[in-house]
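The chains carry the letters A, B, C, D and E, assigned in the order they are written, with residues numbered from 1 in each.
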Amino acid sequence: ADTVRIAIGGSSCICYLPTVLAEQLGNYEKHGLDVELIDFKGGSAALKAVVGGSADVVSGYYEHTISLAAKNQQLASFVIMDRLPGIALVVAPGKNDQIDSVADLAGKNVGVTAPGSSTDFFLKYLLSREGLDPNAASVVGVGVGATAVAALEQGRIDAVVTLDPAISQLKNRHEDLKLLVDTRKEADARSLFGADYAGGALYTRQEWIDANPEQAQALAAAIVDTLHYIHSSTPEEIAGQMPPELIGDTAIYVESLKNSLEMISETGLMDDAAAEAVLEVMSFNSPEIAGAEIDLAATYTNEFVQAAAPQPAE
Amino acid sequence: MPRPVLLMLQILVAVFAIAFWWVLTRTSLFGDPSRIQFFFSTPMDVLNRIIAWFSSGQIWYHLWITLIEAALAFVIGTVAALILGFWLARRPRLAAVFDPYIKAANALPRVVLAPIFTLWFGLGIWSKVALGFTLVFFIVFFNVYQGVKEVNRTVLQNARMLGMSERQLLRHVYLPSALSWVFSSLHISIGFAVVGAVVGEYLGASAGLGYLIAQAEGMFDIAGVFAGMFVLSAFVLIIDWLVTLAERRLLIWQPDSDHHH
Amino acid sequence: MESAVHLRTVDISFAVSGKQPFRAVAGADLRVAKGEFVAIVGPTGSGKSTLLNAAAGLLRPSAGVVEIEGRPLEGLNRSAGYLFQADALMPWKTSRDNVAISLEISGTPRRQALARAEEWLERVGLRGFGDRYPHMLSGGQRKRVAMAQVLIRDPAILLMDEPFGPLDAQTRLIMGDLLLDLWQQDRKAVMFVTHDLEEAISLSDRVVILSTGPDARIIGDFPIPLPRPRDVSEIKLEPEFQNLHRDIWHLLKDQVLKAYAHSTAEKA
Amino acid sequence: MPRPVLLMLQILVAVFAIAFWWVLTRTSLFGDPSRIQFFFSTPMDVLNRIIAWFSSGQIWYHLWITLIEAALAFVIGTVAALILGFWLARRPRLAAVFDPYIKAANALPRVVLAPIFTLWFGLGIWSKVALGFTLVFFIVFFNVYQGVKEVNRTVLQNARMLGMSERQLLRHVYLPSALSWVFSSLHISIGFAVVGAVVGEYLGASAGLGYLIAQAEGMFDIAGVFAGMFVLSAFVLIIDWLVTLAERRLLIWQPDSDHHH
Amino acid sequence: MESAVHLRTVDISFAVSGKQPFRAVAGADLRVAKGEFVAIVGPTGSGKSTLLNAAAGLLRPSAGVVEIEGRPLEGLNRSAGYLFQADALMPWKTSRDNVAISLEISGTPRRQALARAEEWLERVGLRGFGDRYPHMLSGGQRKRVAMAQVLIRDPAILLMDEPFGPLDAQTRLIMGDLLLDLWQQDRKAVMFVTHDLEEAISLSDRVVILSTGPDARIIGDFPIPLPRPRDVSEIKLEPEFQNLHRDIWHLLKDQVLKAYAHSTAEKA
């Protein structure tokens, strides 16, 4: 079979764990796929590679299918990996006493991975939920890596909206790290969005799905199998399967897996309410999306996952 | 070529380029325009965006930040490179010892160093200046170093025999002689200073053109990205023009290169 | 008399990649006393410039010692002014600045240096050319600016390599008189390379003749007992001058013919 | 300075730097070592990582990919810059018309252009080559352009009077005369070629040193990042050494610059 | 006789920034017939090199026309060989290559060109110096390499700017003979700038004298009716030679003295 090129928006993110793990477990091969994983610095770069046709499938956040729908680019997700966004709001160590709630962020510097990214949207949404102006905090792009840690620890920013593994790194370095919101946990996400919120997914151009239904099917099945594996294994077992360069410090990695298991989907299915939640957040942040007639149902399909579900997990 | 003719030809080139861009993104000659627009936007959209930025005045603040960063990186990088370049070029042994380290340092991917710059210089303009500095410095340094070595031998010997001290040699011989080398590297490094500032902002910042571009990119707003890059280019041309003015003044002694025939 | 420059049986070699070093000068012994005017003549390529370079401290002899005012020379010869054979003006300075810098180096205030430079430009016949950059001057004009640049410093030892080469005969005489005037005033030691025998004889106290290189030696040393002060244009007519000229000319001619024969030997 | 002495001094510098690094990250002289290690790792960790990479053999493939990308960027960028530089330098009118566009292009932040390169050149090595190319090209181009203008006028006029055609002038006059300019820019651009390749990989790839560095960075594995950068630097030094050999051969005609006194 | 080079009442001006253009030559009319050997003498800075540059097509006159072989000159003068006053060898080529390239340009195979270059180096007395780069040669040696470079092409028109300047008197004679030999063979047109009046007279058919610049004109044009072939070293003794020399010398001397007086006028 032809090689399927999957563009990952940063393979170090736990949110894309199933994509990488499926490869490690041999699940793609099992379903007759020859897969090449290509690592990108962030989801939007991965997406551009797919829109441009140099990669076939994105392993990225579902929300991008909505942004692109507003740009007349028809993309659809066909298997969900995360049912929660996995984004957390972390207070700078040393600012714990000044910041007790989201409302306290007004007038503060808050780090996001990049202006205009999901973390940025998330912050603005949070602020507005508290009845504040979405622009009440000043946004600083700090990336997902060591820059964010440096900025936070040096007190250049008062809080940061970030993802794993940065959250776990910070937690490891600062015992008393305060997470104001942690959407790796169902409770926090539910209270914020009133539903699940679709995070990492495999999605691609509708044309590609139409042209390669078998491959989409096989991908969905491989991921679903992997999801089952994740939820039936201990974090240590999972860590044992991952390539060493994507683990770094094992203890921290296992810890972050533990904290993230809840966010990883068990079925791979998209919950309609979770898609609605994403659309709501996106519309809130972008007048362009709010103004566009978006056919939400066209941006995802459960057809392949459903077809794959009956297969027994190992 | 008289200036107005030159200007007209230059504009003509722009008109052609824009026309091509328009055809590329507005007709289906080169494929599905909506997909191409996703990568290249369209001339009108970009123009509208630039107009919007300037008419709302929003751009000025960002432009100012980027200008400061690029200018500081340019000036500090150039001065440091001049000093180190002239100094090391006169101390060949020392230079030989440090040579591999300088070359190795030039090969470090600056993007990866961003966290360290943040650690040292914070998230404000200085970490961007540092990034720009690492680009400008090496470009100017290598040229200055070579420029000093290319000094005409007889002129140098004559100056020495006239009794010039090392300092006077620097001022009256090495510096003027290496000047066209320096200016060549300045023309290269202006662009890189701006790139450094913008990339720094792009990696982590709260203001500046790079920040605007990153924001636009995050929202798949390609018109915004292109608008940012055009503003950037315009801006570099202005700085370059100032450098060229300085160059003309300082290199007035050179014979016109004769381009006849 | 105390010696100003003494090249003590120097050899001077040049590294030539892939070959034996080229020994341009071998065992040349040349002493120039304080206040003495020595002309050096010799076939082209014999090593005249090389000797001046050694006296200036720009070349280190491979054997022998260079002594300046009795002490072995280390590094540059700080008491010498050197007029190079090749163009050596700073192209980024106008002729006025090129001359003035000579004084500025040693601390003369700029205004004063410029005024003196202007005077000197006039002396060498270049009034009105002060604003020109070297590339806007003719060959002879550049040489005269260089001359002013060296002379304005009034160095104790003067090394001059074909200073009047690109000048017309009449200007040569004028410049020769100018040089003698200066020399008369405070008796510098002068090493003066020239191809013009008349010039050599009419200006100097001694004419030294180099043999054809490689391994050039000093093969002739003629004291010039003509009375001083001399008028450069008149002195040629004296019979003693004519005799000296003939003697030196013969010695030199043999050298050149030998060199040329050697160089085309295989051919003939 | 004899070679062994030079080498020893060079090693001494490295020893000092590493000792300082060790003190920085292993003692509490400069603050809490565990925090500093997070950003700078430690000499031993980095060394172990490098040893592990080489002993497992894993690194060779990545190194090879990066080498190919950097070498292609370097060669293609240099050749294109040489051709365009020499060509435009001889056509001052054309050069004047395109001058602002070339300068503007040099100011574009390459990082932002990465998606467009991916669009055009795919995800393989060619998009990284393109990124490196955009750095190398401008550095060499500006220097070549200036180098051609600095040709000695008399030598040029003489060559013309001898009857050289434009082509012969290029080969026998402009090229050799501009050679030290070219080499100066090559020394600068080797580093940048590698940076371009690595940054390209860092932004999106499935192999190469930049990919390794990006993964290590994503996992906060700073030892991996530093190890990657050291391997990179070693690698650049080797290429630079090759260029220096070529330079020595080609510039054999130049008088030794005299550095006495 | 047909003319090879004809400068028809040319003015040549140089732009001097911030000033009036400097008119070096004004209304100079100079015709060199085919096969004629014309020497040009004049005070330093009068415009001799400028005239040669105009004849070579390197400078465009601001008034008047340059005609080469009857046709107005456009661009470079392709039928001329020009020996420049300044160093013009390619520093990156050995002397052998510098000479050989002259032939290679017009398609001579490299081997053959190198062999002929070697011959020419011998002719100018530089056997064994073929491997040297220009900076390893003495001033006079460089000049001779340049001479070989120009002469090997055997151009129909020869422009020579002080070709024997940095050579010793004896070598000058040898080179002069060499030049006359070549010229005798196929009667090139030669414009020969020199400061050495004896050389001018002994070599040429006509000596042209330039006045002091700016606005230099041709103020003297002496046919030299000495018989050919000439032996350069013997001819000086003829009484006719002596007369010519005296006449030209007087004319020239006046010019120089006037120039010098003018230049130091304010002073005096």
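The definition used in the following text is that a residue touches a chain if its C-beta (ideal position, glycine included) is under 8 Å from a C-beta of that chain, and two chains touch if they have at least 3 such contacts.
Note that the structure is predicted; figures quoted are calculated from it, not measured.
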Chains touching both chain C and chain D: B, E
Partner chains shared by chain B and chain E (touch criterion as defined above): C, D
By number of C-beta contact pairs, the top two chains: B-D
Intercentroid distance (Cα basis), chain E paired with chain D, Å: 49
Computed distance of Cα centres, chain B from chain A, in Å: 37
Computed distance of Cα centres, chain E from chain C, in Å: 25
Chain A residues counted as touching two or more neighbouring chains: 48, 52, 145-146, 149-150
Chain D, residues touching no fewer than two other chains: 39, 115, 119, 153, 157, 160, 202, 217, 255, 258, 261
Chain E, residues touching no fewer than two other chains: 58, 76, 86-87, 135
Residue ranges of chain C touching chain E (in the complex, touch as defined): 14, 16, 19, 41-45, 48-49, 85-87, 119, 122-123, 125-128, 131-132, 136-141, 144, 162, 165-172, 174, 195-197, 249, 252-253, 255-257, 259-260, 263-267
Parts of chain B lying in touch with chain C, wherever the complex brings them together: 154-155, 157-165, 168, 172-173, 176-177, 179, 253-255
Touch list for chain D against partner chain B, complex: 1, 6, 9-10, 13-14, 17, 39-40, 90, 92-93, 96-98, 100-101, 103-112, 115-116, 119, 138-139, 142-143, 145-147, 149-151, 153, 157, 160, 180-181, 183-185, 187-188, 190-192, 194-195, 198-199, 202, 210, 213, 217, 225, 228-229, 232-237, 240, 255, 257-259, 261
Touch list for chain E against partner chain D, complex: 56, 58, 76-78, 80-82, 84, 86-94, 101-102, 105-106, 133, 135, 146, 149-150, 153
Residues on chain A engaged by chain D in the complex (per definition of touch): 5, 7, 10-13, 36-41, 45-46, 48-49, 52-55, 144-146, 149-150, 153, 165-166, 169, 173, 245-249, 253
